[in-house]
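Before any comments, here is the structure.
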Amino acid sequence: MIYELKKLFQRKELWIVLGLTLLAILLLVLRDRSSLADAGSNSQKTAAYYDYSPEEALPLIERELEQLGSSASDINSSHYHDWRVLYHMRDLAKDFISANKNDPNVIRQMYNEMNTADSDFARRDLAHAIKLYNRVRNYKLADASSMEYFLLLLEQGGYFHYLYLLVLCTMLSPLFSAEYESGMYQILFSSKKGKAGLFRKKICGGLLCVVLFAFLYTAFTFLLSWFWHGMNIRMLSAALQSSALFRNCPYALTFLDYALLVFAMRAVIGAFVLALTALVSCFCKKNVTVFVFSGITAAVPILIAKLFENVPAVQTVQNRLGIMQLSYLSNYLTEYNTVNVFGFPIGQFLLSVLCTCLLTAFLLSAAYAFWTRDTRHRRI
Amino acid sequence: MLQFKELTKQYGNFTALDRFTVDLESGIYALLGPNGAGKSTMMNILVGLIAPTNGCIYYDGTDISKMDDKFRDIIGYMPQYPGFYPNFTAMDLMRYMAQMKGIPRKDAEKRCLKLLESVNLTEKKDAKIGSFSGGMRQRLGLAQALINDPKILILDEPTAGLDPKERVRFRNMVRRLSDQITVIFCTHIVSDIETIAKEILLIHHGKLLKKAAIPELVEEMQGKVWEVLPDQDGIEHLLDEYPRSSLVSRNMQTAVRIVNDTKPHPDAVSCKPLLEDVYLYMFGDDAS
Amino acid sequence: MSRTAAAYQYEMKKLLFARKGWLILLCTVLLQIGIACFAKPYQYYSFDTQLYKEYAELYAGPYSKETERIIHASLVVSERLGEYKMEYEELSSEEMREQNQKMMLANLKTAALNEIQNKYAQLSACKEYAPEMTYDIEATEYFQKFGMNWAALIGMALLLPLLMLGDANCGMEQILFPTITGQKRITLAKLLTACSVSAALMLLCTLLQWGIFSVRWDFGTLAVPVQSLTGFGSCTIKSSISGCMILFGIIRILAAPAAALLLCLLSVLIRKEPAAITAWAVLIGCSAILASKISVFPVFSLYSALSGLSAAKTLSGVDTGFLIFFLLLKTGLLLCGTCAAAEKKK
């Protein structure tokens, strides 16, 4: 297995691609930093209150709102934009403060709905949700302003999919095809371990490679956000709900848990791409062909998501199947989402991970079956 | 005349070619040496695929690096195990090479067909190269090398993969050409060298050891080639003690043929030397 | 015919037929048709398009101060609805549901009205170009689709490494380079093939895009200034929509050879197709990031040149001239650089 890893990492072009990837992540970090700053500077009002805590900012914002006008109809059109921004900031501050005081409104609403639910599943679903939210209510929230960059960088928006997929395909495409291109397959297939043993070794080596890359990618992003954006390390143990994005997250997770989940999901995606590459390699012997076909096949879920982004049914199916959607963890964790499985509520996230792993296992089995089809004994 | 003057090629600390100096007139020259001696390096420099670190090559007194197109117009090169486009037919490839070698279109078709006939590939001229055997590829490689009527023909292992009949055909073809052109070829098949080469260039560790005709080289080996018929234990002992030795069959028995300056065994008998003995004598320690 | 021209002819033939390049071109064309047929107009905010259409039809017409005042008043009313804060303890489930729905509707109206108000604010900012500019809901959003042409780029990514590395991979280089045509001419022929194929592919994909979009949507009047497009409010180019589309379409076609030469250079340096394609994609991505971060960078950026009409948002007339100049300079430098890299002997 170590030899398979060694063979992959001895390829000079892999290091070139890894170097460029890290450069791209670095530039993405710079881009996100400036775009966040730009979003702030679009409204001078937002920038002015950026460094205040919600408790400090709220009275100041309310005073400024009073100066502009007591209600919306009093505002003239030249100050309207500022009024809207301040109004929104006031709501955010109130939300944050009430969340800190464990505002029970959400849970109270759920209790009301549970009593009037018309199915067993709906009751079980709501009971499960209440249990989760109750657990989260006891979490101490903290000022998560230093973590916003961290969260943003972990997800990296639309560019992540394509960059990660491209690098994975580049890294994994020579796993099987290199043996054919160099002519070593004749020697390896006739060795004691044979085709089946070689396949197992390669898959293990590939998995290790994928996990290493996921770790490298996540760790580099983590280091950049700590070094470049001054992330407070102690905040890693704070509740994820401290961030505005995850305010309604029902799961008891810290920021560190979230980072580990992101790393794990990237490894799962990498395993899926590995399985796909293994299957494609059974039919294509050239490096570039494996790269193209596995890249296209892995990109199909992304393309479908883009093409049908306004079709809710397609989005629902995609979210349940997971695969590339797993890289957008925030879609799964920002709200309570379950799927009805024989009358029991199963978290959509868990279902997605399960589906992806099952699909990966299926692809690996199919690849193994095709790979070893010549070596199986036939009954005469 | 082709002149190599102090031709040197270094890769870091490793010297692939070390002040290689030789003059070649028209005729057939065989490059003989063990693997890694510098034969392919010399050929690659001659055809322009790699640049020398030092020294130069002159053709009729002109530096070939300054001749550029004009020199490439007069060379034909056949590499070892030529790779062709698998989706091209043999005729497609010949036409393409004719175009690349500047043969006018009206002459190209006829010349291509003639050359394919001379290498016995006429029946396969419309077949895809991907379906060719190794021997057929070699023949096609030879045909494309001859397409521009070169004055200098460079062949790297030209008969590898050919059956005996094809090897004889190749030798006859090259022999007919050799009166007007310079042919440089490298091969490990001694019988090819013996039958057609005018002179042999012995290369080792990048240096030219010797340039001589076959009779002269063989003559130098007189009194240095021995054969002895030992018992079974004696065979192993002799093979270990004399690295430049080989086992041969004599009258249903196994004899040991040894190349050595002095008589290696009391029962050893002096024999007529062959070209293979020259090879063992010059490169025997590496060869074993 | 000169040797380079003969070599060029054969390189085209090898690429398109011997290496099945025609299949890749066909797939690219089909991909472009698919993208154009499935493309939807870009929407800046998630809001109810039906509501948006209703309001837009209400306020459609030439720009006027009165219209802007009416929109603002409607917006204020809508925002007030959203101010309502519920106290769940006092309401039953049914009442809670009703309140939720009212709030949702208020939010949707607000979003739609905001978008229309933004539109009028944009028009008012650039009314100096056309005082009688009209507001046209249908003809604005799909122009965002005339940006980066992904199909052409994917086609180039699949074709060009084949062109540059195909001979080396099958061992033909050592047979071709010692011929009288020589390494220099063959390399030049390959690069010219790369430029012509990429430019032709980009032109074909652009024409397909325009053709399919013109069938799917009514372009409306293209003679209005380009500033009437959403997101183009700060564009300082004095040109109509049609003028900008043609200009930046031509720039995109000119940028295709530059992108092709970059890919050829990477192929020659890295010598492995997958790594070259990935490196190329990453470098173009880096160019995009730098163009968005550094204000002076867009004129130097290959990404801006490939972006088509989207590039007009941030460029002035003078910037566009510089963009073309630097693009041609880049193409020349890449051509020389790739030739030098390919001819570098061991």
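Read from first to last, the chains carry the letters A, B and C; within each, the first residue is number 1.
One rule holds in what follows: a contact is a pair of C-beta atoms (placed from the backbone, for glycine too) under 8 Å apart; a residue touches a chain by one contact, two chains touch by 3 or more.
What you see is a predicted model, and the numbers here were worked out from it, not measured in a lab.
> Taking contact as defined at the start, I'd like the list of chains shared as neighbours by chain A and chain B.
C
> I want to compare two interfaces, B-C and A-C. Which one has more contacting C-beta pairs?
Counting C-beta pairs in contact for B-C and A-C gives the edge to A-C.
> For chain A and chain B, let me know how many angstrom lie between their CA-based centres, rounded off.
The answer is 62 Å.
> State, to the nearest whole Å, the distance from the C-alpha centre of chain B to the C-alpha centre of chain C.
So the centroids are 58 Å from each other.
> Measure off the straight-line distance from the CA centroid of chain A to the CA centroid of chain C, and report it in whole Å.
27
> Going by the contact rule set out above, which residues of chain A touch chain C in the complex?
11, 13-14, 16-17, 20-21, 23-24, 27-28, 30-31, 34-35, 71-73, 75, 77, 80, 84, 87, 105, 108-109, 112-113, 116, 159, 162-163, 166-167, 169-170, 173-174, 287-288, 291-292, 307, 310
> Can you tell me which positions in chain B touch chain C when the two form their complex?
By the definition above, chain B touches chain C via 44, 47-51, 68-69, 72-73, 75, 77-79, 81-88, 96-97, 99-102, 141, 144, 148.
> Could you pull out which chain C residues touch chain A in their complex?
38, 40, 68-69, 72, 75-76, 79-80, 83, 88-89, 92-93, 96, 158, 161-162, 270-279, 281-283, 285-286, 289-290, 292-293
> Tell me, which parts of chain C touch chain B in their complex?
Within the complex, chain C touches chain B at residues 3, 6-7, 10, 14, 17-20, 170-172, 174-183, 186, 345-346.
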